[in-house]
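In what follows, chain A forms one complex with chain B and a second complex with chain C.
Let's look at the complex of A and B:
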């Protein structure tokens, strides 16, 4: 539990203004889209019109001859590179080779003096295809006569982030399988007092980071230099090292401000392609995708889940079983980990003695699916939290009380082999219920829901950092964590300022340059505060230890006689701040001390997950019986974050996540008709807007300092998304008596369900 | 083509092509990168700038249309002495952004709103701002920031 209770924080646990505030409100914050290199050329991508086709030939001669074009790159030009990449499975060619596997796949790139010229030349490339049969759903992909997407066996990627075997590329369209099992589900269901069972669908969604994927590459004999909008520069470095067969020291990824990620900028995207363009064009090349192209690059896995859950006569959940089929699209990307995580996350934060979850993801001829905020959790929390309400209704219990009675307790080992639960769901649910007035009378046509989520954070502990204390007493943190908007550039200096006793304003951050900043595995899975925060804390303390030794040297006393005080040291009457210690040590008002820290899977980080990411949400909705339109009357978020290093930022993460979850609950969905994405533009893909704002919003944090991170902190920012679709479905059921198991709950779906109910007089 | 217009209070003359958008001229020719481009189809508001005080989507507004007009971008809001516009300050105080990619357009739209209606209700803010998307914040702190700026500006004028 809580490592150290520190009631009087100076800097942490305060809502200090964002470090990047001024540059962001004045338009001075630089994103990759804003950068230009001298001599830079621009690339545009030709994409496949077919979902599945052999490439018979590509003739780029007319495009190459077009004035202003430097070169055209195709799958035939990659001799000398290892063109297949992937941190989990090396199944993804940087440009289609021999065949295309989805409509929208990159087939060729034109590099030209400017974007317009590159774009014009795309039309001059002649590609001959032979169309193949295609599959678009897991069901089609599993069919006996289904065409194979990938014929060959792949190399497993080195950094897949889980211990299980990779099952892709074994002569079927299966990408990854995973299952968990304990107790005896058959027996338990036989003896159950009540059982609910149903089929659920969680849609394909698009993260819409407002900054679309963008990268600039400069490949020379000095190595590969890339500016990218990537969340995980070190993971991308690993892929590029293998594409170009270089030591990591010759691959440099630099990530300035990133215009939103939400998981969609996790792992490698366009970097190998733009690097290949620069390699062939022999000059720096920029590739800026449009939003339409970004929608053809990554989406979330959609999931078909059959689930059943059982209770005994005392209202205790005794069993859960599920079979999940996920649609991973044409390439694996991070979906193997999504499969593992969604399998685990079916258990929800409940202590269930008999569990069997089987999960399988399939390759289909659709846009590749990968990480998406909460990876895998929202997909299975829709069935999981729906069934909690369905069961409660069946046995005549209040769903809130029913949750409380079954939710994992603090310290409970509810998931065999994993870290005991480190959250306080009772308090989370209680806070959410109170915020939406759970027990107050409901107006007609209104319904409420409270739901929770507790997921095994995917944060793998491998992180290092450097904290440099300068002779003027200011501090530079070198961190591989990327500022995506989540606030790492604010939270990390808060921690260093707290530890070193210096002003927050004196702590600067240098981030995400693989040539300069020490290794950090990724910026995702809500890991930064917990893991990088701990690294910054430890590196600050290590710097202090060094400065104590220096102070002893300067004052000519024994190290044991030096006492640390906030911002410096004392020895008898003598008191020195850090600036004085360093300046006197070097006998010049310059120089520095370098504090370091390495975090790995050991000590307090040896049990996984590093933390359980827990949150509750509460909603009140109303349903227009005529149109089926749902209105969000109230929304409450409760983040169980251990300790909020910056409460305003933590709450901001929660409301941002809950709003994305609300979008999926109400209207967000990528729709395929045949081989084509039919709403692949922001004109057609419905996103939450101002007018979708719930009428009342309350944001709460539960801070019991029960995490392993700095001062008891743990991660947040995903969990409030996960429960929203189920929560809305539950509230609709309470408002109307119809149970909808397919998200999103569009007006049409709700209207049809209401109509069917009126006809049949029963639940659909 | 020769394009003359007033940009953030200063007259400019630049060369542009007939099909170039105002966003392209601002970002590529004038290196004013504060104006962001996302959807490019006039639905997200990231590229919002003011032309003669009215909000326009610079991603689809032809640069040449701005000839002889007054264009204000996010770079034009900060006073020369470094004082921020009350809206910029309110966005900071209310944590009304995360990644910041929507922020310049958001602030410019909000500025147009407050210029037109100095004391908008919550409903009026929501209605006016509906053309600006933010994927990070869930809009809650943005509404609060606009209300806060309106209050601050109200006090200013009363003084």
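Let's look at the complex of A and C:
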């Protein structure tokens, strides 16, 4: 259910069917797993059984002698490479060197004629370890006598994504620290009419994608060629360039379809390892991880948050303070940026005059944490949006009214120094509330919640593209944005088709090949439609400008006399479409015009964030008071997307994100017992299923054309996740009177909370 | 999950031949039906076998039939076949309904009842219900046959009394008359049940003459308690009052363990909740 169609658009703002639907559902779409190079070998990885241990020796001789094995690669074989990588902090060896830092870390790789042979040889590798003390939580990592995970000093990565210092590698287990501060929180809390305060926990979660990590590397004297399931090919290129000490022109990343990312495919993962395998084996090598191995590769940062929020006598939020400790696991990956983002996102989309947020992430001997859909926002929106409801309850206000009264207003600079707010939260919240029948009577045991979030999204604005208009009037877009299911390969041609006035079906997309497609920083932070969309729009217009000049040449008139019309030009009686302009210009029915665009942090993109990603969700749940089980009764998503280039795709992103957020609210959690991840498989790690969704689902879009992107568009696709866990916790409180501050709200946890309440209740 | 290690597949034509193969391969061989347990465990490298003996090639081992007032289900019948069998749906709807809720449709389509029971994974729906229904298992080694009750077949977590060369040929379930009321209810969040509760009652008007309650999945084996069964007999009104005590007795017998599915106290509590639900459902 989208807002009314804006009448003037031909292609954009229409729900054209997604480009890749047919090939994907018929199994014809090619993923890296489907690719095979001539002479290709296969790698399998030996993983550490220990969380923290010195590697005393590795004897790979028996494995190397195993029939069918080409070679074994260990941390001792990397001379000649710069084996430590990381776009934020170069702390991650491509294979463990001298020590292991988490159970599951890659210690050696076998390269063989096929996967099974490589696997068989793994157990022939003899590794001797000396176990070290290990830490698993931020609290343990901060202790005086905590063992140090990283002894080295680190270089800060040039592409870390933020301007602040990197804290890692300074003789403690601190990976990154960040804080924001304005006003005077102490004073404000002293003068507050009411304050709520609490400790919250956001669990370790896994961004499950159907496709686990897979890459093929072919390292030769000519350079490094890699096919990978990577979201950000250019970021990976940067890491590989440094591992192999090559110019970027000699590193080529090719990304075909990606089978889902949700954050887990952002930045470099297995590419340096598979490249090192190819380098040593002197042939192309494929490494395909299993889901269980992928779960040992990345996860979300779990977060311990203490937060307090205050209101004045008029119900205006006057202060928020939080201290956050994040568990970043064994390597920094993208967590330094997660720290910065979660710090910012603690403020929520509220105008709060006094703010102090301190955030610190710590290295622990667990799976490295990194990007996760929503990017630090989900971690802090659990406390943030919980406290809005807690505070409303405390002062006897309707939580929805309370939100409306405090939400940032359109154009308000609610976050000092950042872009003024470019969404319409009142409309978002109204729409969500109406969709779930906020004011209608509630059945017994049911509860409702409406919550919202606003994140500083879009990442760094550096994006370029080429739009080629061919002599037959068809068009090729060259884009570094990766299609990972979000629909970019449908949305981008919609924009080109709109601008150039050509049929949508005639616009093709070539993407994510760093040797061919122009630079795009990343496909994340909900930025593609806004940034790459703008680039495609501008490149299309630049092509049109060139074709106007060509048309003047062809028609032997002045450029000023040429008038553009949809799909071509006119000059007096004469009318030419693009095909005619190009063919006549070259005097041959072939050739092309190349439109270009570079977007950088300037002009309308000079203010950061690129846009505020805003959304509201509404839920109604019921609680089985005997078992503690929560059932979703209603769900509404409201994406504040400026303009939906493709409404169906925008809604699809919202329901996907909300479902993922629901998973965190209800049952998703990676569990460590001692040093081992004990539910590291999808048999034991409970993912959301279709049957978990309520029967009543409403998807709404708010389209006020208030974004900086094409036609007023701005990004979506993450925001509906952020508020879901808090929303569920708030609804449970309304249904049962118990406040649960630790996600997920599993049946057992809810049952225990109800039991405690009843015990306390009977004592009174 | 890893690539499967190399193994040879064998296709016996009779139970005796399969048994012969088991004897011949010893520790290196294992029976293989739907593979939903076995291949998963092999892909996780938890089990290794060089020889798999496919019971699906044995003629007749998947049949489902009524015989002399009993329902007979072959060891290689799939969950899905049982779920959709007219004989089962008509004569023992509680079994069809339980099967309908085992796993997901893909697992039900290849997974067999025999594989479920003989793997003896503690979170088994069929084991609990079949124990409550008084089912018997027919076992065969070469030419020697024996029959045991379910509690004598499943002896522990992943443990059975099957001999090294023995197969489960089939399950025989007595069909009680019109006086039988049965229900199976379960609590499940993940892939396996947290708790399953089977209740089989023999009623005469408002009087419950006989009762059998079995709780599964909370401990290594499905459990019943004579004391609980006693408390579940008598007039309906009286039994209703005794439900909590019966649940307490059952919980004591089951002695649930703390694990990823939940704390022992939570599971003890759930036994009470689900015994009540099973009772209401059985008598509905």
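To be clear about the criterion, the second predicted complex is superposed on the first by the 753 of 764 C-alpha atoms of A that agree within 3 Å, B and C clash if a C-alpha of one lies under 4 Å from a C-alpha of the other, contacts with A are read in each partner's own complex, and residues count from 1 in each chain.
The working rule: a contact is a pair of C-beta atoms (placed from the backbone, for glycine too) under 8 Å apart; a residue touches a chain by one contact, two chains touch by 3 or more.
In this text, all values refer to a predicted model and were calculated from it rather than measured experimentally.
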item: Chain B versus chain C as contact partner of A:744, first or second or both or neither; value: neither
item: First (chain B), second (chain C), both or neither touched by A:256; value: neither
item: Partner chain in contact with A:659 - chain B first, chain C second, else both or neither; value: first
item: Which superposed partner A:291 touches (first chain B, second chain C, both, neither); value: both
item: Which of chain B and chain C A:707 touches, first, second, both or neither; value: neither
item: Which of chain B and chain C A:679 touches, first, second, both or neither; value: second
item: Partner chain in contact with A:169 - chain B first, chain C second, else both or neither; value: neither
item: Partner chain(s) touched by A:627 [first = chain B, second = chain C, both, neither]; value: second
item: Touched chain A residues, chain B compared with chain C; value: B
item: Common ground on chain A, meaning residues reached by chain C in one complex and by chain B in the other; value: 290-291, 681, 683
item: Chain C partner contacts - residues on chain A that touch it in the complex; value: 44, 115-116, 119-120, 290-292, 626-627, 629, 667, 671, 678-679, 681, 683-684, 686, 746-748, 751-752
item: Chain B-touching residues of chain A, taken from the complex the two chains share; value: 15, 17-18, 20-31, 33-34, 207-212, 257-262, 290-291, 484-487, 648-649, 652-653, 655-656, 658-660, 681-683, 687-691, 693, 697, 699
item: Residues of chain B that touch chain A when the two form their complex; value: 27, 32-41, 43-44, 46, 73-75, 77-78, 84, 88-89, 91-93, 95, 97-104, 107, 125-127, 129-130, 132-143
item: Residues of chain C defined as touching chain A within the complex; value: 1-6, 40, 44, 187, 189-191, 260, 262-263, 266, 269-270, 273
